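In the two assemblies presented below, chain A is common to both, partnered first by chain B and then by chain C.
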Partner chain A sequence: MADTMLHTSDVSMGPPRQGALEKFRADYFGRPSDVILTLGGTALLVYIGWHLFQWAILDAAFSADVGAKACEAKAGACWSVIAARWRLMFFGLYPYEEHWRSGLACAIAIGVGILSCVPYFWTARRLTVTWVLGFAAFVVLMRGGVFGLSEVTEEQWGGLSLTIFIFAAVALIGMPLSILLALMRRSSTPFVSVPVGLLIDTVRSLPLITILFTVAVVVPILVPSWLQGEKLYRVIAGMALFFAAYQAEIIRSGIQSLSSGQDEAGRTLGLTYWQRMIYIVLPQAFRRALPPTINQMVITFKETSLIIIVGLFEFLASGNAAYGSGEWAFAYVEVYVFIAFVYFVFVFSLSRYGAYLERRMRIAQH
Partner chain B sequence: MLATGPHAIRVDRLNKYYNAHHALKDVSLTVENGERIVICGPSGSGKSTLIRCISRLEDHQSGDITVLGHRIGHDEVSEARIHREVGMVFQHFNLFPHMTILENCTLAPIRVRRMSRADAEARAMTFLERVHIPEQAHKYPGELSGGQQQRVAIARSLCMMPQIMLFDEPTSALDPEMIAEVLDVMIELASDGLTMICVTHEMGFARKAADRVIFMDQGEIVEEAPPEVFFSAPRHQRTKDFLGQILSH
Partner chain C sequence: MKRDSLVTLLASRHFQAVVAAIVFVVLAVLVYAGQQELMAKGIVSGFDFLWRSTGWDIGFSLIPYSISDPYWKVLLIGLMNTLFLGFAGLALATLVGVLVGVARTSHNPVLNAIGTIYVETFRNVPLILQAFFWYAVYTHLPPPRKAVAFGDMVFLSARGIYLPGFNISNGAIAICALFLVVGIVAALWLIASRRLSGWAEARRLPLAGLALVVAGVAIFLVGEAGRIAGQPVVSMPELRGLNIRGGLRLTSEFAALLTAMSLYGGAYLGEIIRAGFLSIPKGQIEAAKALGFRPWHIFTLVRLPLAIRAILPTLTNQYVWLIKATTLGIAVGFSDFFLVISTSINQSGQTVELLLILMGGFLLINYTISTVMNAINRSIAIRGQGTRK
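The block that comes next holds the complex of A and B.
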């Protein structure tokens, strides 16, 4: 009897809790083989970590004053190459005295990106105002020719500012375009849905490189010069189309996953097609399509490095130039580690932001 | 506003096909202003199809539908007009899960009726009180029970001040203990003089609230009669079989 009493009171207390320490011991030191694996793995990690630390910090040269020769003689990493050449990597061929403009434009673009991630800005008007102002400020700073700023044409743009500019422009043009394509592909009129479906599937079946070559090399041959526009903008248009073709399918799958009752409820309330799309269908479709959308953004950010092949001087190309000038040629590892680190900062923030959004939407929706 | 004709709804020799399947066969039906109709019938008999044709969620192939004096064509304009005057409640509620209850109820009044947010919210609260859940206004649909969600769906439709309400099996996705709370709300609506067409197998509701009960089978209206007559003296064998089946439970 007493036993049963004890038992029931145990149950009402909830499942027994295991202390963190006990759990750790059981997981990692439970059996002899676990002990060996745990100790061996730790030793290996410490060994590798120590050597990395030695290379990257202890034996490394940091100052730009260390000459290339002295730097090469060191056992560790030669970060001096970054200190000496960072302007080339960040600003490319942009005129030296005007680098502050490129830097400021870059900061504005990143600022606008961060602002549009804040829920306060998530109304059509606030987003549009932020983007239009941000974009205008970016172009005015970069291009100049007004407000007493000297003119710097697009061929001279380069480095990280160019990478960010291309990514922002591609996302900004590609996202609305992808929504349009997704909706048109779902149209009940075959005159609309069939050509759009063909367009999406064609673009998706081409490698990005062929599209870049087409817009950069083939278009100037085929299209009259007054219609061509700057190569940079042709490349952006091509990448935006490529992005939109993939993103359209992501959005379409989000829409398809909604029950038809959602749209029907909107119809019986008298909402027009666009009202139903804007207030009911697209918000829900975007929530469901959020993980692949973030994925697509990440891919697009990294794909901006492909434009190196059509002769635009973006971040990776500028990095190549930074070590490619004879005296620093030995330091390519350091340069690539640094480039990778910068890409990592951007892409990792993007994925963490995606994770935050998902959590937020789960809370709002249960 | 639509001119109110002599009838709320007139359906004249309506035919509806799903590809080769003949779902409605020469269906004719007249509903007067303020009348409360209950439609029942076995599964697949075309009940949903009929009210979905009236609410323009489906196109018909032949026959006429006149709602509040307007003949329904296949164009966008008449569709928009119908939807402003005819509310619909679905079996699966179809609340918008990404909006709060209040936002669900104010979306259409603000966007379609061009009401100010304050007015729309005041109206929404009035109707949420009428369905007895004003305290849930700031929750999301996922946080409510099925019965509460269906009552919100009713309030959401009422916020558009429709002249006609259509219900498609509003209680058949609900647990038994929640059916009563939804039916109570519907009975209150019925006594307010709203024109209602309700597809349901809740015969208690039909007895209490309906002016007329319509029995459909295989795409046809087999029998229509006031509830007293319908339940006590059905004329057709098919009606008797059906009533025998559902009343035996």
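The block that comes next holds the complex of A and C.
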């Protein structure tokens, strides 16, 4: 009878370990349909990848010395247009000798952006100080007129630096505005909450382009000239309002996701409204609303490109100008691919960062 | 305690009344100043201008139009163009999105990678840049004489894209499209509605089939009635002289916007669909496997129904967003609602009225979409789980 005894060593044996090769086979060629998908998909990727590589690298012209004529004759991409026109695309009509200022200002803005991704800066005070200082440095460098820098007015700003300026200004104005709107919408007096709710919902139901058009084109028709202000700043105000309407709802949902006990505990301790908001509610609400906030930032950065509609010379518009004139007219694909690539670098890294934060917070919750 | 007294002040009724009064006065001054400004420019406010003739032409119209037609007609054409582009874009974007979503949730790593590359490429580049890109590509196509042809049916040329079309009047086609939608919705309702849950499937399926057949007959009759006399039903594009005649012509502007919207929207919708499939609890699928369901049945009876319910609310937002994106028409010169409004403002000066019409139009479109989608959402909600908002 000893043969039929069940040995513990037999039972505790786990399923057979899968080798790397077997796992590969199971993943890629597990079922007959997988064989087709894997082979077909790989063939497609290799085909597209090879043609792209050939077009963008192998057969391409890179140097600015290659003239437009010689460049057009080539089979591949003509990156020479970028080499010849990159200053126009990045700096617009900014005076040539002062381009270093525009470049440095962009570098500072990007630096501030990277710094605000570091958790050390995640207090209201540190973030505000960093952004205001960075923004001030940006404006001083771009505008000049002080510290012996020659003055360059806003009409001459353009290219990527204008895009970054508008984005930074929109975020800097829109963020406090959104907090204000969110708190006002939650106000207990209908005097405040109803009009603000109406404003937020109206703005959210309209496309951004119509708001930009209204502030840029319609306001000069309706408003007396002494009240109009510069077009650039009207556009920034319009975009900030649009951003704030969306961001206010994000913050509001963050606030509503908190348990009411948090606020009530503050009341019991005798804290005033602002003390409760600043020390208890908003920090927690912001923490919960961080991933959608970053998503909103990503969307806003992409939407700065819409201001080309109202005739401001931002990155996309200067790109259009870079190929629009005469000799480089054939190189539109290269210019658009380059602009797309620059946007991609910004947007992709920001959204990856957002995804990383989301993962980190999910772990922290468990 | 200084801070406390400030807070009490801010919270007091009197203070709020004062604030409200100030806001009201400021608004009144702005309105008054605006009226003065308009009067100085010699513009009479009111909606009478809607019956004046415009005197300018429009780039794209689904119904016949001449420059002596009144403003209300031009605005209507703009609204129709927006809806036409919007729904075509939604349909194509949904198609792309389903493909991308399926690829992204596939177990096959290669298919998954293709989906990821697609999403990251198209989602991270601004939509307007993509619209410009496709517009440049389409307007740089060869002239009609040297058009890129696909089997004598599809022609790509700088003057537009030519597809096989119907020799049926536009109005009749619109009614046919309506019948098609109504037929499909009725069939789906007959199959899926809970109100009929007492009916056996054997009774529901023939009824649904009947709905489709009735819709088909109606489409046939309307199409037959709307036929342009003396022409074959299908109109094929063909090269005649220097131009391409016949068929359905999509202008470069329309084609560029449609391409950009479907590729960009498809990337977003694909992500939404993927998230919907990922949100299904593993236990549901394991239970189906334990009951011996086949993979196809697990997909159609368990994963798909659950995923659709998770997807719908987000889908509504994305649809509304995509419809709003048709305002990019102004970037490439497609006569959508917004471009028509802005041209009207330039030409007639009736700023406030036209802005109100613009707001009203978009509120109406957004409201309709979200009402319809919410109704669908409610009707398919699983009992006991409540409607997710």
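Just so we're on the same page, the second predicted complex is superposed on the first by the 337 of 366 C-alpha atoms of A that agree within 3 Å, B and C clash if a C-alpha of one lies under 4 Å from a C-alpha of the other, contacts with A are read in each partner's own complex, and residues count from 1 in each chain.
Keep this in mind: a contact is a pair of C-beta atoms (placed from the backbone, for glycine too) under 8 Å apart; a residue touches a chain by one contact, two chains touch by 3 or more.
If you're wondering where the values come from, they're calculated on a predicted model, not measured in any experiment.
Quick check for you: in the superposed arrangement, does A:347 touch first (chain B), second (chain C), both or neither?
It touches chain C, and chain B stays clear.
Looking at the overlay, what does A:287 touch: chain B (first), chain C (second), both, or neither?
Only chain B; A:287 stays clear of chain C.
Just checking: does A:22 make contact with chain B only, chain C only, both, or neither of them? Give me first, second, both or neither.
Touch status of A:22: no partner.
Now for A:44: first (chain B), second (chain C), both, or neither, which partner does it touch?
After superposing on A, A:44 lies in contact with chain C but is clear of chain B.
Answer with first, second, both or neither: which of chain B and chain C does A:259 touch in the superposed model?
First partner only, chain B.
Check whether chain B or chain C contacts more residues of chain A in the superposed model.
Touching more residues of chain A than the other partner does is C.
Going by the contact rule set out at the top, does A:268 touch chain B (first), chain C (second), both, or neither?
first
Could you say whether A:279 touches chain B, chain C, both of them, or neither, answering first, second, both or neither?
first
Touching A:155, do we find chain B (first), chain C (second), both, or neither?
Touch partners of A:155: none, neither chain B nor chain C.
Find the residues of chain A that appear in the contact set with chain B and again in the contact set with chain C.
In chain A, residues 272 are touched by chain B and also by chain C.
Once bound in the complex, which stretches of chain A touch chain B?
Against chain B, the touching part of chain A is residues 259, 261-262, 264-265, 267-272, 275, 279-280, 283-284, 287, 364-366.
Give every residue of chain C touching chain A within the complex, in rising order.
Chain C reaches chain A through residues 3-4, 7, 11, 16-17, 19-20, 30, 33-34, 36-38, 41, 106-111, 113-114, 117, 120-121, 124-130, 132-133, 136-137, 140, 324-325, 327-328, 330-331, 338, 342, 345, 349, 351-352, 355, 358-359, 362-363, 366.
Which bits of chain B are touching chain A when the two form their complex?
55-57, 79-80, 83-84, 86-88, 90, 92, 94-98, 107-108, 111-112, 140, 142-143, 153, 156-157, 160
Residue numbers of chain A touching chain C in their complex, please.
27-28, 30, 34, 37-38, 41-42, 44-45, 189, 191-192, 202, 205-207, 209-210, 213-214, 217-218, 221-224, 227, 272-274, 302-303, 305-306, 308-309, 316, 320, 332-333, 336, 339-340, 343-344, 347-348, 351
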